[in-house]
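One structure, pasted below without further comment.
The first chain written gets the first letter, and so on, giving A, B, C, D and E; residue counts start at 1 in each chain.
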Amino acid sequence: MSSGEIFVVVFLTAIVLVIGGLLLGLLLAPHSTNPQKGEQYESGIPTRGTSWMQFKVGYYLFAILFLMFDVETVLLFPWAVLMKSLGVNGLLCVSFFLVVLVLGLAYAWRKGALEWK
Amino acid sequence: MEVKNLRVKSMKNEDFNNNDYLEKYVEELHKGGVNVAIGVLDDVINWGRSHSVWPLTFATSCCGIEFMCVGAARADFARFGWEVTRNSPRQADVIFVAGTIVYKMAPVLKRLYDQMAEPKYVIAIGGCAISGGPFKDSYNVVQGVDKIIPVDVYVPGCPSRPNAMLYGMMQMERKIKLESFFKLPKKPIITKEEEIRAQIDEESKDVKTSK
Amino acid sequence: MKTIKDIISAVAPGVAIEEAQYPTVTLDPDKVRGVAAKLKEEGFDYLISLTGMDYGDKLGVIYHLSSSANEHKQDVIVLKTSTADRENPLLYTVCDLFKSADLYEREVFDFFGIRFINHPDMRRIFLRSDWKGFPFRKDDDPSVNAVPCTNVTPSDLENVPSITIDSDGNVTEKDKMLFGNNEYVVNFGPQHPATHGVLHLRVSLDGEIVKKIDPNFGYIHRGIEKMSEKLTYPQILPYTERLDYLSGSINRHAMCMCVEKAAGFEVPQRAQYVRCILDELTRIASHLLGWGCMCMDMGAITAFIYGMRDREHIMDIFEESAGGRLMTGYSVIGGLAQDVHPNFVNRVKEFIPYMRKMLKEYHILFTGNPIAANRMHGIGWLTKEEAVALGTTGPTGRASGWSCDVRKIAPYAAYDKIKFNEILRNTDTLKGDTFDRYYIRLDEVLESLNIIEQLVNNLPDDGFRAKVPPIIKLPAGEYHQRVENARGDFDVFISSDGNKNPYRVKFRSPCMTLISALDPLCRNEKIADLIMIGGSLDYVIPCADR
Amino acid sequence: MLELTGIINWIHETLMANIPASWLVSLIEYVLIGAGFLALYAVLALILIYFERRICAFFQCRLGPNRVGPFGVFQVIADMVKILLKEIISVKHIDKVLFYSAFFIVIMGSFLTFGGLQFARGVHGADFNIGVFYLLAVSSISIVGVLIAGWASNNKYALIGSMRAGAQVISYELSAGLSLLTMVILAGSMNLSTIIEEQADAWFIFQAPIPVLIALVIYLIAGHAETNRGPFDLPEAESELTAGYHTEYSGIQFGFFYLAEYVNLFIIAAIATIVFLGGWQPFHIVGADGFNAVMDYIPTWAWFFGKAFALIFLSLWVRWSFPRLRIDQLLHLEWKILLPFGLFNLVLMAVWVIIFK
Amino acid sequence: MINYLKSIFSGIWALMQGMYITMLNFCRKKVTEPYPENRGKHQPFERFRGELTMPHNENNEHKCTGCGICQMNCPNHTIKVITKNITTEDGKPKRVLDQYLYDLGSCIFCGLCTQVCPQKAIAWSNHFEHAVFDRSTLVKQLNHPGSKKVENPVVAKPAAPAAAAKPANDAPKDNNENKN
C-alpha cells in the first residue's frame, strides 16, 4: 500500500472524526435558548464595541521575521541531506549562506526588532 | 434508575440527606413509563456525566477560599474527576455559587448561567448563596440565588468546610445519575425576558454603530 | 520637635482643639482644604480614612490624618466638617492633596450623596449607577430598589460626571466619557480567575500593553457598615471577620479592642497573647494564600497548591481551638470565647520548624526561578511618596520602604512585650517593584514565625476572659482602633451615641487603596504584568467593598 | 515475539484468501487502517489525559482521579461521554464559516502529523521520502486553526490569545525546523524509515552526543511551545485570558481542541523519539551481542511508546514546575537563545559529521 | 558574550533546582485526606461548629425554657423560638417551648446563641454533612417531637461533648489581681 493512499485514508478519517463528533453533539445534546446565551463571554459583562479592530503590529513583525528565516531554513534542507557526500566544500559554500543569515539576525537584534514593544 | 440502586463509591444511600426528595423526583420522571433501552442508555450516559462535572471558576467571597481548599492538596476534588475547572462558562457543567451575590453581581451571575451549555447545574454554597445568610438584612444582597437562577444542591455553612462541599458534590452526582438525559432540559428558567431582550438589542446597535 | 498641638494651632489659628482620643478640629467646609494642605506640608501626608457621617440635621465628613515621617508617625489628627444642605450637599475635594481620597470621596458620595467640588470622577462606586437613594443616610429607604436582572450598559459605566466651581463661585456640572470610541477596552472580571474576587477591571489595551485601567467596585458590596448600625457590639464581631476573610481574626481583634478600650474592660494577658498568636497565624495563612495566588497568576499552579497545603496546618490549629476554619469566631469582647485546646501549644510549636523548612523550598521553587524573577524584577515600581499618597499600607507600602507597621507604630495587645523587626525592602532606593512586594511576604512569614515562637513559649496563665456585662453600651463619643492586618492598616471607627448599637461604624479597608494603586502601577506594562501586579498587591475585594 | 507486523500480515492474508475481489480487499483494508488510526488517536489522547492528571496531582502532593474505576482509569472515559453529549452553543456575532472550520483545521493538523509517524517495526502511516519535511509542514497547520478560532469568535480574550499563539508558534517553528535540519545532516536522509534504520546500532544521541543533545533540548523546548502547553501556554493563559482562543467553544468543539492538545503533546514526543532516540529501535551496545539479544526481545512498539512516554513525563514535569513566560520573555528565549544556538549547532553538526564520519 | 552564556547556564541550573523540588514532592507522601472513605474515623475537631443542636437526655427531655435570649442575640434571625402557654398539673399557667426552629441555611456559626444561653440548652455538634436538594429541609426543629423541659436542671449535663463556649458569667474570677 502506498504512502499516498495512507495519506488519503488518514485525511478522510480526520474528516469523519470531526463530522461524527459534531453530529453527535448537535443531534443528541439537550438545547435551551435564552437571549443572553449566544452573546460573547467577557467575564459576565457585556462587551464594549466590537472585537474586530485593528490590532497591534508587533505580532505581525515577528511573522515577517519568521517568514524570512523559515524560507532560508527550507533552502538548507537539500544541502543537509547531501551533506555527507558534499563534505568540506559543501560546508564552505553553505557557510557563506549561513553567515548572511546570522548577519541578518545580528542586525535585527541590534536594531531592536527582536524586542517586544 | 431507582434511588435504591444509586451507588456512590464508599458511601451508603442512608448516609445522604434528603433522599425523599430524590424519590419524589424519580417518581415524577417515571410517570410516563420508562423505555428499557433508553433507560439503559440513560444509565450509561449519566454515569459519564455524573463523574465528570467540571465547575466554573466562580467565587465571590469567603466560600471561594474554601472552594480553593477543595481544589488544593488536602481535600483534592480531583479524586472525583471534578478538578478541570473551566474559566469559560461555555465549557463548564456546574456553577458553584460560592459567596454573597449582591444586586450588582446578580445580572452577571445570571448572564454566566445563561451562557453555560446544557446540561448545567448550580450548587449554592454557604449561607449567603442559600438565603442571604449573614446579610439577610442588607439593602444590597440577593436573598438567595434561587431568586435568579435554579439551584440544584444547597450546601450550608459559613463558609462550608471543604469536605462539606465534597459531600454536596456527591449529592449532585446522585441527582445527575437519576436524571433522564433525553428529557433534558426541563428546569424552569427564571428570566425577565423582555428586559434582557431589550438590553441586548440596544447593545447590538452599539456594535453596529461603532463599526 | 513641635508638638502636635503647635502644628494645629499654626495651620488653623483660632480654632478650638477638641481633646478626644485624638486632637480633633471642627472646620467650615471651605477651610478644610487649606488646613489639610498646610498639614500636609507639616508632614501629615497620610490620609488614613475619610468617613462620611449623617448627623441627622447635617451631613459631614471626618478626616483621619497621620504622617509617614518618623517624627509624627504615632500621631493622628482628626478634621471634621459638615454641611447643613441635605438636598444638594457639596464639599471641597482633597483628592489632589491625597490621592487616596479619590476613592474615599466617591464612597462618601455613594453612601451619603455628598458631592465633592473639583473631584474629577463623581460616579457611584459600590452601588449600581441606577440605584435610587443614598443608603447610609438615616432617612433613606433602600427597599425601593429591586433585584436587577440586566447588566448596566458599558456606556453607563463610563459616563463620568464631575462638578467644578470657578473663582466667581459658579458651579458647573459636566459629564465626560472615560474611554475613547476606538479604544480596545477589555473587561477583566468580575468572574475572572485572577482578579482575586469579583473586582471588575476595565482595561484599555494596545496589543499587549495596558494603557489605562478603570477599577469598578461593588460586586460584593454588602453594606456591612450600615447593617452594623442595627446590631449590638457582639453581633458586629462576626461581620468584621467577613470583611477581609483572610485576616478575619485580626479584624475581629480590632473590633474587640476598640470596644474594650471604649468601655474600659481589662483583658487578661493570656487572651492577649493568644489573640496575637492567632493574628500572626492568620497573617501567615493569608500570606501563604497570597503567595500561592500570585504564583498561580503567573501560571505556576503547583506553587499555589503547596501554599494551600501548608496553610491547612494553620486551619487545623484554628479549628481545634476555635471551632472554625476561616471564621474562627474566637476573640470576643473581653477575651476569648473559650480557652485554647490542650493541643494548641504543641501544634503551634510543631508548625514553626515545618514552615521554616517549607519556606526554603518555596524560595528554591519560585523565587530563584529565572522566569519568575525576570517577570517580577523592575515591573510595577511604586515609590515611597506614591505609596504614602495612595495610602497603600501593609506589605505593599513596606516593600516601597514606607515603615508603616501598626504593630510598631501603635503597639497593641502583646506586641509591645516581644522583640520583632519591621520588615522593609529597598530602604536605600525607596522604590519597590513587584519582586519586593513578592519577597516581603515570605520574609514577613518568617518574622511572624519568630513572633509566634516568642509568644507561645511565654503564654501567661491568668484566665482567658474578663467579666463583661451582658449588654454592652459604649459611652457617647468616637473611638478609633488601628491594627495591622495581613494587607495593611485596618482601622475600626465607632461613633456611639450611648446606645447598645453604634451610631456609625466605619472600617478603613487597606484593600481599597491597594486597588487604587493598580492603575498607576500597570500603565504601559503588559497584560501578564497586570495580573501579576494584582497578585503582588494581594487585595481582597470583599474588604474593599465591605 | 509480540510484534504487530505479524498481526497486520495475518489480517492481510486472511482477507486476500477469503475475498476474491482485490478492490474490496483494499477497501476493507482502508477502512481498517482508518479505524485503527482513529482508535489509536483517541486512546492515546485518553491515556495522556489520564496520565497528565495523575502525574500533575502527584507533583502537587495530591492523589488525582482515583474514584472512577480502578485507580480512576475510567475517569477520562466519563469525561469523553460527557463532552460528546454537551450542548453546542450557537454563538452570535461570529464569523460562522471560520468558527466551524477552526477546530477542523486543528484536528486535521494533528491527525495528519499523527498519520506520518512510525510506531513499530513495519507499523507506520504515510512514509514519504521527505518524511521530516512532511511532519514539519502538516504540524504547522494547527496554528492556522488556532488563529482563526480566536479571530472568528469575536471575543477579545480569544483574539488576544490567538494573536499570541501566532507570534509564539511561528517563532518556535523556526527552532524546531533548525534542530530537525541538524539531524538530517547526521542521518543524510529525510525519510523516517531510513532515519530509524540508521540508528539500529546506536541511537543518534549516542552517535554524536553533543550536537544531538543540544538539538534535542532545542527541539523539546520548541515543540513544547508549539503545543501551547505550560510554561508556554500564553494563548490560553488561564489566569489572564480565562480560556484564551477557545473561550467561545462549547461541547465537542472544545473537546477537539482538548484532544488535539494532548495528541500534539504525544506527536512532539514521538518525533523526538524517532529523530533523536532511535524510534522503535531497541537499545543496542555495539559488540555486546547477548545484551542486544535481550533488548531485541522487548517488542519494538514497547520501545517506541516507552521512549515517547518518558519524554512526555519530562514535559509534564517541566510544565508543572514552572510559571508561565511573558510574551517578551517568550520571544527573547526563541530569537536570542534558541535560534543562535540552533544555528551554531547546525555548523557544529556539519563539522562533526565531516570529522567523525 | 560571557554574561550571556553565564545567564543561560545559571538560568538552567536554577530551573533544574526548581524541578528538583517538584520531584521531591512527587516522591513524598501525599497529604490528601480520602474524605468519603474516612468518614467516621476522621471527623472534624470536636469544637468545630457544624450545626446547632439541642441535646436531649434519654427521657426525651431538653433544658430549654424558651426564654428567647438566643433569638434576640442572633445577628440574622436564624433562630425562632415559638412558645406556648400550658397549665401545669398543679394548675398554674406556664410558658414552655413549643418549637425551636433553626435555619441552617442562613446560620453564620458565630456562636453567640450558645454563649448567651443561661441554661446551656443548646450546643454545637461537629456534623458537617448537610447538603440537600430542597431549601425548606434546612429549616430544622431542634426540640424533638413530644419532648419537654427537664424538671431538675442541675442533674443533667449536656450530652454533646462540644459544649462550645462558656457563657460570659462563667469567666474566671477577676483578673485584675493577677495583673500586678
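We take it that a residue touches a chain if its C-beta (ideal position, glycine included) is under 8 Å from a C-beta of that chain, and two chains touch if they have at least 3 such contacts.
Quantities reported herein were computed from a predicted structural model and do not represent experimental measurements.
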- Partner chains shared by subunit C and subunit D (touch criterion as defined above): A, B, E
- Farthest from subunit D by Cα centre, which chain is it? Let me know. E
- Task: Count the C-beta pairs in contact for B-C and for A-C, then report the pair with the higher count.
- Result: B-C
- Whole-Å distance, C-alpha centre of subunit C to that of subunit E, is 30
- Message: With centres defined as the mean C-alpha position, give me the subunit B-subunit E separation in Å.
- Response: 26
- Any idea how many Å lie between the Cα centroids of subunit B and subunit D? 36
- Expressed in whole Å, how far the mean CA point of subunit A lies from that of subunit B is 39
- Task: Among the residues of subunit A, pick out those that touch two or more other chains and give their numbers.
- Result: 29-32, 37, 39, 41-50, 55-56, 58-59, 116
- Residues of subunit D that touch at least two other chains are 59-63, 85-89, 93, 156-157, 163-164, 238, 242, 247-248, 251, 320-322, 327-328
- Query: When you check subunit C against every other chain, which residues touch at least two of them?
  - Reply: 151, 153-154, 181, 184, 186, 190-193, 207-208, 238-239, 302, 305-306, 309, 312, 327, 365-366, 369, 371
- Note on the structure: Chain pairs satisfying touch are A-B, A-C, A-D, B-C, B-D, B-E, C-D, C-E, D-E
- Task: Name, in rising order, each residue of subunit A that touches subunit B in their complex.
- Result: 29-32, 34-37, 39, 41, 43-50
- State the interface residues of subunit D toward subunit A in the complex, per the touch definition above. 26, 29-30, 33-35, 37-38, 41, 84-93, 103-104, 107-108, 111-112, 114-115, 125-128, 133, 151, 153-159, 163-164, 166-167, 170-171, 173-174, 177-178, 181-182, 184-185, 188-190, 242, 247-248, 251-253, 255-256, 327-328, 331-332, 335-336, 339-340, 343, 346-347, 350-351, 353-354, 357
- Task: Would you pull the subunit D residues touching subunit C in the complex into a rising list?
- Result: 59-62, 156-157, 160, 163-164, 230-231, 233-234, 237-242, 320-329
- Mind listing the subunit E positions that touch subunit C in their complex? 10-11, 14-15, 17-18, 20-22, 24-25, 31, 44-45, 47-49, 73, 75, 108-112, 115-116, 124, 162, 164-166, 168-169, 171-176, 178-179
- Task: Quick one: which bits of subunit A touch subunit D in the complex? Just the residue numbers, please.
- Result: 1, 3-7, 9-18, 21-22, 24-26, 28-32, 37-43, 47, 50-52, 55-56, 58-59, 62-63, 65-66, 69-70, 73-74, 76-77, 80-84, 87-88, 91, 94-95, 98, 101-102, 105, 108-109, 114-116
